[in-house]
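Got some structures for you, see below.
Both complexes below contain chain A, partnered by chain B and then by chain C.
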Partner chain A sequence: MKHLLILAARSAWNRRLTLGMTLVAVTLSVTLLLGVERIRHDAREGFSHSVSGTDLIVGASTSHVQLMLYAVFRIGEATNNMRWQSYLDLKLNPAVAWAVPLSLGDSHRGFPVLGTNASYFDHFRYGDDRALGFKEGQPFKGVFDAVLGADVADQLGYKLGDRIVLTHGIGGIGGLEHADKPFVVTGILAPTGTPVDRTVHVSLEAISAIHLDWQGGAPLPGFSIPQQFVQKFDLTPKDITAVLVGLKSRIGVFKMQRYVADYAGEPLLAVLPGAALSQLWQVIGTVEQALLAVATMVVVVGLAGLVAVVLASLNERRRELAILRSVGARPVDVFVLLILEGLFITLLGCILGVALLAGASAVIGPWVQTRYGIGVAPRLISPDELRLLAAVIGAGLMSSLVPGYRAYRLSLADGLTPRL
Partner chain B sequence: MSDPVIRIENLSFQWSAGLAPCLDIPHFEVQAGERIFLYGPSGSGKSTLLGLFGGVLLPQRGSLRLLGVELPQCSASERDRFRAGHVGFLFQQFNLIPYLSVLDNVLLPCRFSSRRRQRAIDSGRSLHDEALRLLDHLDIDTSLHHREATQLSVGQQQRVAAARALIGRPEIVIADEPTSALDADRQIAFLDLMMHESDAAGSTLVFVSHDRRLATAFDREIALPAINHAAVLEAAA
Partner chain C sequence: MRLKGVLFGLLTLLSTVASSHGLGAHVHGVANLQVAVDGDTLTLVLESPLDNLLGFEHLPHTEKQKAAVRDMSSRLQKNDAVFIPTPAAACRLVSVKLESPVLSPEKKTDGDGHADLDGEFVFHCQHPEVLHGLDLMLFDGFPHLRQVDVQVATAKGQTAAKLSSARRRLDW
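Entry: the complex of A and B
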């Protein structure tokens, strides 16, 4: 067996150019497959961990999915706001333990800005019922205090005491800036691996304050209120985007949901985060399934190419196989020789694919994190990926049976003298 | 007298059921240590007969005994093992595995047969040294040992192939037109080396050629058409 291994390796090395090209194909296809699986896994992981401990999310009536997207993921523009009064009514409901108001719409260099109050830092939970922690500083106290998520501070290099300017709208670039009212960084949160890391937190009053002299998404021409005078105005918000609600007893959650749906003041919607997350995941899920299917097809194409190349080489190798037979090789040895060759390429492709993916994760992982909020955990390989890899190797072995069997037949027919 | 090394009785072989028999040999024997020159025109079935000796082809009828072993009654893997252990082969051209060095080519039979490996080191030398000795005897310069086989001239390739056929002292050495690709004067030199070494190894040599001029150096010369009745029938038809 050992001498067959050496022979197979030498023979493959002798045809390294053609085999090298197929190796590239197999490697890239394995990288793609594992990459898709990795992003899929991490996206789902981050997704299901993005919020916990909140019993209901209430917002102006849109779809469940949309409400989740902006309340939890801070993605997209909230088209309908709910009135402040509705929030107060909700908070006073005897079944409600706590209610955290959320107000979205501004951004800072591409990161969403969330207006809320200090209770957010007490009640917000993520992952396995984990509370938010401060890496440095403390929650906002003044109107123009800001608390940064870990990624925001990290990527923009902010420290406590730095001044930042918010941009109107979520666009980031080209948006009008609230340049006349800069904020001071008073706190930086510990990393959570959730959208919180990418959020700039300010008080609801701050959101009101920076829009005092604005109307309809633009500053009022020829009218501006200097920063030091905003306190003279009533900064109570008129409306907000959504409310995170914690109940005294989880049993009342459906009753509460109905209460919100029947709320007389305005049409409102209450969603259960767990249910909505899985609903949302189903939408994304079909995409990820499709991606995985495409990646699988690419692997199949890669392996088909491998089979084609090895098969094509067989004709020029008939003499070689006949020589091996004459020095004592059995047809089975010839079969094994060809299987080993296919297996070599597949294994090598898998190893290189894993290495390439590890490199790619390290290099583009942070970019994916900022751009799409998917935290790609740096790792060599996960059990799920290992299973996929095993499947690829299995498929490589199966496809090597084709040239293996063909060589077996050829060497039986040719014997010692190939008819060329 | 000891048993014959090769013994054929009423053997008949045809390539496929529809075709006329290619070989029909009532009787043929080769004694131990003999040097046989087997000749016949192209297409007369010489290579086919060697395929039978190698156990890769099976006669439809008759007896084929090598070293007392009735080959047609052996399983395919027994025949493969027999060939690996007892028979050294040498062909017309392109005998070497192109991606192996000269030395590795010579050692190939010892990789597939523990018997050949054992017999190669019986002399007290290491396997490696035995290969070196054979190569030296066959006039292959040490500088060539680690070259790839394809970098050698045709004559050098044939001598390396001869060393491979002889390593581990197989009882039978079969050469199928090994000199056809060589110049006339090279043919004689090669033949001398080959005979000398096969004698030294104690092997029985079956040398096949369509060129009768080479026959003089051999113990016995046999025309295949003379022992093969199938060919006679074909010629008569």
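Entry: the complex of A and C
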């Protein structure tokens, strides 16, 4: 067996250019397959880690998934606002343990700004029921205090005490800035791997304050209220985007959902975040399957290329195989030789593919995390991916049978028979 | 940035599809089920258009229709007939509340002629720690029912699922 291995390796080295190209194809196809699987897995993981402990998300009437995506992931379009009074009513409901108001809409250099109150830091949970922790500083106390998520501080290089200016809306060219009312960084949160990391947290009063002298989405010309005087105004928000609700008893969630749906003040919607996420996966599952199917087809194409190359090489190797036969190699040895070659290329392709993917996730991972909020965990391989790899190697072995069998048939007579 | 826009568009499109689960929708063939687990109590709330269960939504007129209503009601109240929670959890059906215009004719139906059945089923389980799912047996007795949209809330978390006669097991 060992000598066959050496023979196979030496013979392959002789044809390194064609086999090398095939190896590239197999490597890339394996990288693609594992990459699709990894992003799929990590996206699910990241999404389901982002909400925990919140029983209901309440907002203005829209679709379940849209409300959940916007309130938790800041993805998608803004929903209508709900009235402050509705929040107060909700908070006073005897079934409600805590209610955290959320107000979204402004941004800071591309990062979303979340207006909330200090209870957010007490009640928000992520992952396995983990509370938010402060890396430095403390929750906001004054109107113009801001608490930064870990990524915001990291990427923009902010420290405690730095001054930041919020942008109206999502910013971009010509975006209007709240330059007259800068904020002071009073806290930086520990990393969570959730959208919290990319969020600038300020108080609800601050959101009201920076819009005091604004009307219709723009500053009133010739009129400005200096920062030190905003306290003289009533900074109670008129409306908010959504409310995170925790209930005293989890079983009451459906009753509360109905209460919100029947709320007389305005049309509201209450979403079970976990259920909305499952519904989203049900729909996205089809897209994932399609992506995985395409990636699988690419692997099949790569392996077909491998078979074609090995088959084509049989012609140029007629003499090589015939000489092996003449010095005592059995037909079975020739068969094994060809299979070893195919298997070797597949294995090497898998190893290189895993390495390439690991390198790519290390390089692109942080960018994907900030851009799309999908945290790609740096790791070599997961059990699910290992199963895919095993399937690829199995398929490589199966497809090597084709040239193996052909060589086995031919090697009996071919090569030594002179052709006239 | 463009990719992100496409992603948003896709998600919004998908979310409109997924939002058809909303409360109060009345779609023939589809029922809503809410599952809540709290301690040793398993509470199931079923909301279904009557058409799924009876084939009609008006008050029963003929003897045949009255028999259909009685049949539905007794079928839903039978233990094991509708829901089978994880057997190892040893759950027992302790109460069934059924509410529908056809069961209490003094209440008028909605103006649009559609009517629902609301049912609340409460189980007590001896081993709630191993309770992690149930089999829904509704599809055999009620062939008009094609799909059940389920939302689940337990102490561990929330989930949602779509059940049909081909997929009757709910896991959480």
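One rule holds for everything that comes next: the second predicted complex is superposed on the first by the 407 of 420 C-alpha atoms of A that agree within 3 Å, B and C clash if a C-alpha of one lies under 4 Å from a C-alpha of the other, contacts with A are read in each partner's own complex, and residues count from 1 in each chain.
Quick note on the criterion: a contact is a pair of C-beta atoms (placed from the backbone, for glycine too) under 8 Å apart; a residue touches a chain by one contact, two chains touch by 3 or more.
Because the structure is predicted, anything quoted here is derived from the model rather than measured.
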Fit-or-clash call for chain B and chain C when the two complexes are aligned on chain A: fit
First (chain B), second (chain C), both or neither touched by A:10: first
First (chain B), second (chain C), both or neither touched by A:258: second
Angle at chain A between chain B and chain C, C-alpha centres, nearest 10 degrees: 110
Which of chain B and chain C A:283 touches, first, second, both or neither: second
Superposition-derived comparison: chain B or chain C, residues of chain A touched: C
Partner chain in contact with A:205 - chain B first, chain C second, else both or neither: neither
Chain B versus chain C as contact partner of A:37, first or second or both or neither: neither
Shortest CA-CA distance in Å separating chain B from chain C in the superposed model: 50
Common interface positions of chain A, toward chain B and toward chain C: none
Chain A-facing residues of chain C, complex: 4, 7-8, 10-12, 14-19, 21-24, 34, 36-38, 41, 43, 45, 151-155, 157-162
Chain A partner contacts - residues on chain B that touch it in the complex: 47, 50-51, 54, 56-57, 76-77, 80-81, 83-85, 89, 91, 94-100, 108-109, 111-113, 116, 164, 176
Chain B-touching residues of chain A, taken from the complex the two chains share: 3, 10-11, 13-14, 319-320, 323-333, 415-417
Contact footprint of chain C on chain A as seen in their complex: 52, 55, 62-66, 69, 75-77, 249-251, 253-254, 257-258, 261, 269, 272-276, 278-280, 282-284, 287, 371-372
